[in-house]
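Got some structures for you, see below.
Both complexes shown next keep chain A, but they swap its partner, so chain B is in the first and chain C is in the second.
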Partner chain A sequence: MSGKTSAPAAARTKSQDAISTAQKVKNIVFTNFPLICLIVIIAFLGIVTSGSLFSSYNVQTILNQMFLYVLGGFGCLFLFAQGGIDLSMAANIGMAAILGARVLEVSIPLGIAVTILTATAVGVIMGLIYAYAKIPVFIQGLGMNFLINGMLYPLCGGRATIPVSRTLTALQSSTTEIIITVVALAIVILAYNYTKFGRECRAIGAGEVAAVQSGINVKRVKTMAFIITGLTCGIVALLTLIRTGSASQTTGANFNFNVMLSMILGGAVMTGGTGVKVRNAIIGAATLIVLQTGLGLWGMNTRIQEIVKGVLFILMIVSTTKLESKIVK
Partner chain B sequence: MDKDVILKAEHMYKSFGVTKAVVDFSMELRRGEIHGLIGENGSGKSTFSSMVAGLYKPDSGKMTIDGKEYAPTSTEDAASKRVALVVQEIGTIGSITVAANIFLNKEKQFTNFGMINFAKMQSEARRILDIIGGEHIDPNARTESLNLEDRKLVEIAKAMYCEPEVLIIDETSNALTTRGRRILYQNMRAVRENGGAVLFITHDLNELVQMCDSVTIMRDGVFVTTLEKEDMDIDRMKELMVGRDIADNYYRPDFAPDYQDEVVLKAEDIVSPELHGVSLELHKGEILGIGGLSESGMHELGRILFGVDKADRGTVTVTKSGDHITDPGKAIKNAVGYMSKNRDTEALILNYSIRNNIALPSYDKLRRGGLIHAKEEKELSAKWTEELKVKMRSDEQLCSQLSGGNKQKVVLAKWMGNDSQILIMDCPTRGIDIGVKENIYKLMMQFKREGRSMIMISEELPELLGMSDRVLIMKDGMISHEDMRSPDLTEQKVISHMI
Partner chain C sequence: MKKLLALLLALVMVFSLAACSGGNDAEEPSGNEGEEPSGNEGDGGETPSGETDENGLVSWKLGMMDPGAWNATSGPLYAQMEAACEALNVELYYVVAQENSAEGHIAAIQNMIGADCDGIILLNGPLVQGIVQQVADMCDEAGVYWSLSWTKIEEGDGNYEACMNSEYFVSTTYEDDVHSANWCTNLLGELGCTQLCEIGFAAGNATGDMRDQGVQQGLEEYSMELLAEERDQTLTSTSDGGKTIMDRFITSYPQMDGLVIAGMSQFVLSGVVSSLEENNLQDDIQVTCIDFHEYQTQYLESGVLDGIIGGHVVGTYYSLILMANLMNGTPLTEEKALIEDNFIELASYEDALIWDEYGNTGDIYTAEETLNMMQKVNPDFTYEDLLAVVDAYSLDDIVTRAEARA
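So, the complex of A and B:
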């Protein structure tokens, strides 16, 4: 790839020329393309559902459903920035929730600790494999997902669902969730944009060899990113337990794909680097859930909804890659 | 119309985004000539030759071959009209065999009922390699197992296979040793003798005068002039390229070594697959030149000194702290910087802004209570881009948009921003035009006066002898010779220790 990007080897003497106004407008459009798409989708679905999309009940449902995907997206950001992805998240959440729920039956503080720590431990293992074994990150994630999935049934101990105590489910409230989201957003903005670690994640995605030669400890940064996704899985597992009141083999199912989907719909670039931004997680989760809810309200068949999602997904990948290169700074 | 003219390009234009690469450029190539094309980095040479070879489509303009309209849609299309290009970068695929590279996209001729006859392909590759002078290359070898020079020869074989009437060589010779160059020249002459034409792009003006029958000069994408053999004067060409007078001698003016006794960096008995016991000492304020053939081990030595690669045995020590350099992070903590010869992949992140690249090794210094201070980051970048006069619109511009010389200035800015006291420079002026080269030499002298120390690994003897306080010559993974700066240190004298 790099050979091709260096192609216009000539020409750069004019690199100081001022940017035209037309180009400036293009820059704004191209940088905010996912947001523009979201607005168009909201407007369209708002019209075809004659405004019922905006009823307070539906808005509440949308925000409610976005919550975990936004958190999941925040947690994946650091790995995404490196051009990595964690496809073991779904199974990891499932295992953490099941083990956590079983310990919660004995002790609540211990159960919470087990939920968080199990998922984080998987993150540590994934991180070490990622940093040292250098195998394709997709395969690694799929492999781990299969491995853990296979263990879920025995871990359930023959029960279909494992309920958790009322003390825990009583904690659920929209206000808490909004507070959690805002706090997480603040932490992620600071950590991603203003810490050495956040910068290093992007540098690895943009050019690993050059990152190494700039003194970045790539193995450490790679492991850390997976530990963060593991920790995120733990938090998501715990919040799912609080929301649903029980754990089962399907807890967390498809979470990995939905987070990936929402990151892409939010405009994140799969190869990592500066193309991955905090706002991708929010815009993407909103796009995904608004689509799901809006198309449902419109009365669209769920199968056709899948097709629409698939088409949009591919369109977004194509456009983010194409548009990114057209931005002139 | 001159009937000798084979390729005629008229009023060619090409832009990349807002950048005008080639502007109203016209030139003619005659049968039986080797025609040089020179200009500073970013003057549009590569863009023009890429249009001729079918890599880029011109925005406007017209090309003809033997009077017939010529508008190639791809390199294959160009090859079918017997126009071939050997690119500046690596143009072969590493993971397939030499033969597969030579016949890439031309496999059809070897197929029977849809199956490729590999034996036939190999023997054909053998034949063409023998013709071009690559007898030592195995057509069955995986291309990535070859050294850079042999990979270039494979590209030459690929180009020569279509029996080109127009052969374009884009800055290929600086990747080649004396032997490789001889093979390249021999093929260029063969094209000329067969009545074809060669368009030869090079930064080496001596080579140009020696090889070319005429030369065209470009500046800022525009045609400057064409000189015939008898008018090819090096100083005049330099002036025409840069558009102003260039000092005759841009190396340092003094002729005596001048550095302090204090040793700042020490390598002891370094052993690796390429190195067999190398020891050296670098002094404060010294420019230590390391020269040799490209396979002498000097580039590997540079990587080990910075900790990019690990030595099997031996240590690299920063005297001040007593630290051993084991990885780049450790080196950077000890104020050591490294400029890789592979600027685009190792020294810079091309898809990153100038500012981000400059700040990369300095995050520890830019942190205030765990968070990076954005304003200080901006100031750091502003200070050094100004100091080094990086030509840019803003420091948020991507490095991929800069010319080679400007990229190298960003690499320097990156290490100066981190206040490096020891700089290991591997081919610091490779592929850089004269104007910026002069600039870099001046900066080296400034750093020297500031008490910084430099190791300059270079394949160019004039700059090695012109800039170094002390010169080490390497051969077969060992230091074969050491010389102090003096007026009677000549290229002939050191070359004998290289080969």
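So, the complex of A and C:
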């Protein structure tokens, strides 16, 4: 046996040899298309804004505005890899922030715990529904979104905004955000790329039936993915309270859509599987925020900015999807 | 894996660079005590370039939130601001708040600062979103002057402290919201209403609380009863929501004979009117509201609306006059200005026609009048003169000045 190559392996080797250098270059370009787009956008906007985009204030602002979307993307990664999506994230963040802010008025440690646990509890409920009820994931997300949104007003106690203590808002700093991002990145890389759970998430996205047949406890993995998303919502809610100093019914507004947009701009495949990568969250959030900031700095009319962004987003997403299918492995 | 590591390293490097270089660029705040603005030389904005126009007015950049779709309040307000900025050699820079949330507003203000705005004039977004302190911190750190409008701040509350402690805070303008709501409620009392419902802001912001106080005073003065109120922003922020609210009121309180819309009227009034007309109750339920609406003239003509108070579209203009004088090194006052401006009351179709002709134009104050409020152009103009201009603002004042020009 030794020294001999099996027939399929030999065929595979032959096939790999057959990939020309040109195709390899194409593969690299296609695989990294979102990153290339980001670099082109940064370069273009850097030139047309006469370098203003690269001023330390604007770099800091871009990183500051990316921060929560990157974290949100990390949290959604496991669900995204399964081909799932949580449309109740924004409402979940709003509820966690409101409840947390109300408890923070009494006790800071308790308020922090309530913020995180509330969102995580919603994640548990969503996970159980996802795993056991077998209803389309976006329908359950919309349902939970309506349910929580309906509760936000009474939870606010009729108040427009609930302020939080300056002790908490004083925690906001670029350094804190860097530390949180780097720690979260390290955890997500490890959990997503090097654990059985991460592989199982991608396997479910690649094909649920095959995943079941290969012995993966799909229900457990699905539930866990939603719990991670819920936990992320709690952390985002807490960080939002620290950044804005208050909670209201609009806290977290559109967060899920911006995270979803970031992931797709970053090259994530909506059907899940191996097409979802950690870098999608970073590249996508950077693309979104750089465009928002850069077009404004360029002096483009705000109405035209929206149109340009819409056109660019569609082009990038269509191109990414098309190019993904052309990668020869 | 290599690519990922490269990305990670690049990210850490960028973060580190930003962290090392940020935060210390803004100069020591100089306050607004008479000297030329000087705190904008870092990344938070440049000093007004010094390029002067034919009137000797220095060129500078003003940031404002993008007005979005035209409505009867923001339309004339922004039209007036655009006209005044042109007269004053000011570049007006709009930024969109991507989300109507505290986060969205903070990001928009960061983008204004990043675009080198020398000054920022905001409406009531910071008050509504509860981020006045955050705005103060951002502007102080970047050395950017800032003002608020539609925002009453009172000694003892956190917002007042945030503004007064901010080196770069210039002014806030506000209206007597107790009066506006009281005017609406009293008008219903005079029309013989006894059983009212109310649509208003969610409690907790100063404007909403004052309007509630005005409604309460009116209820007591005319011995009327408040049957129900709706303040849920998920309903009060759309026309459909307005219709839903009114349908519910009609079903639940058949004895209702008056409705006061003390807030969010630009969103709910059309829905309310639609519900009244569908139920054929436009003659049985009287309606008054705060904040002008694009269809107010036709509603007043048809009688479905009985009175409307608004026209508070010049507060930002007064803040601009203060800021422009400051930027030109001739501040009108050494103090942080808290200015109360007036509402316009439309109690009839004829009043609405007058407003349409003279007020809804974008040049309530002409370029000439605007220039005359600049000490560089008119050295005799004082802060007291500005307060007199503010105090005179009324339907009569607008008509008189327009006719004098004609």
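By definition in this document, the second predicted complex is superposed on the first by the 312 of 329 C-alpha atoms of A that agree within 3 Å, B and C clash if a C-alpha of one lies under 4 Å from a C-alpha of the other, contacts with A are read in each partner's own complex, and residues count from 1 in each chain.
Convention: contacts are C-beta pairs under 8 Å (C-beta built on N, C-alpha and C of every residue); 3 or more make two chains touch, one makes a residue touch a chain.
The structure presented is a predicted model; accordingly, all values stated were derived computationally and were not measured.
J.: Looking at the overlay, does A:T274 come into contact with chain B only (first), chain C only (second), both, or neither?
T.: A:T274: touches chain B, not chain C.
J.: Touch test for A:K26: chain B only (first), chain C only (second), both, or neither?
T.: Neither partner.
J.: For A:K196 in the superposed arrangement: first (chain B), second (chain C), both or neither?
T.: Touch partner of A:K196: chain B, not chain C.
J.: Which partner does A:Q60 contact after superposing on A: first (chain B), second (chain C), both, neither?
T.: second
J.: Just checking: does A:K219 make contact with chain B only, chain C only, both, or neither of them? Give me first, second, both or neither.
T.: Once the two structures are laid over each other on A, A:K219 reaches no partner at all.
J.: If you stack the two complexes on chain A, which partner ends up touching A:C156: first (chain B), second (chain C), both, or neither?
T.: Second partner only.
J.: Among the partners chain B and chain C, which is in contact with a greater number of residues of chain A?
T.: After superposing on chain A, more of chain A is contacted by C.
J.: Return first, second, both or neither, reflecting whether A:G207 touches chain B, chain C, both chains, or no partner chain.
T.: Once the two structures are laid over each other on A, A:G207 reaches chain B alone.
J.: Of all the chain A residues, which ones make contact with chain B and with chain C?
T.: Dual-contact residues (chain A): none.
J.: Inside the complex, what are the residues of chain A that reach chain B?
T.: Touching chain B from chain A are residues 2-3, 5-20, 23, 190, 194-196, 199-200, 203, 206-207, 209-217, 273-274, 326, 328-329.
J.: So in the complex, the part of chain C that touches chain A is made up of which residues?
T.: My answer: residues 3-4, 7-8, 11-12, 14-19, 21-23, 25, 42-44, 66, 93-96, 98-104, 106-107, 110-111, 113-116, 128-131, 133-134, 142, 158, 201-205, 208, 231-234.
J.: If we count contacts the way the header does, which residues on chain A are in touch with chain C in the complex?
T.: Residue list for chain A touching chain C: 32, 35, 52, 55-61, 63-65, 68, 149-150, 152-153, 156, 158-163, 166, 169, 174-175, 178, 181-182, 185, 189, 240, 243-246, 248-254, 278-279, 282, 292-293, 296-297, 299, 302, 305-306.
J.: How about chain B: which of its residues touch chain A in the complex?
T.: 14-22, 40-48, 50, 55-56, 88-90, 220-221, 306, 308, 327-329, 331-333, 338, 340, 344-353, 356, 359-361, 363-364, 367, 370-372, 374, 391-394, 396-398, 400-404, 406, 414
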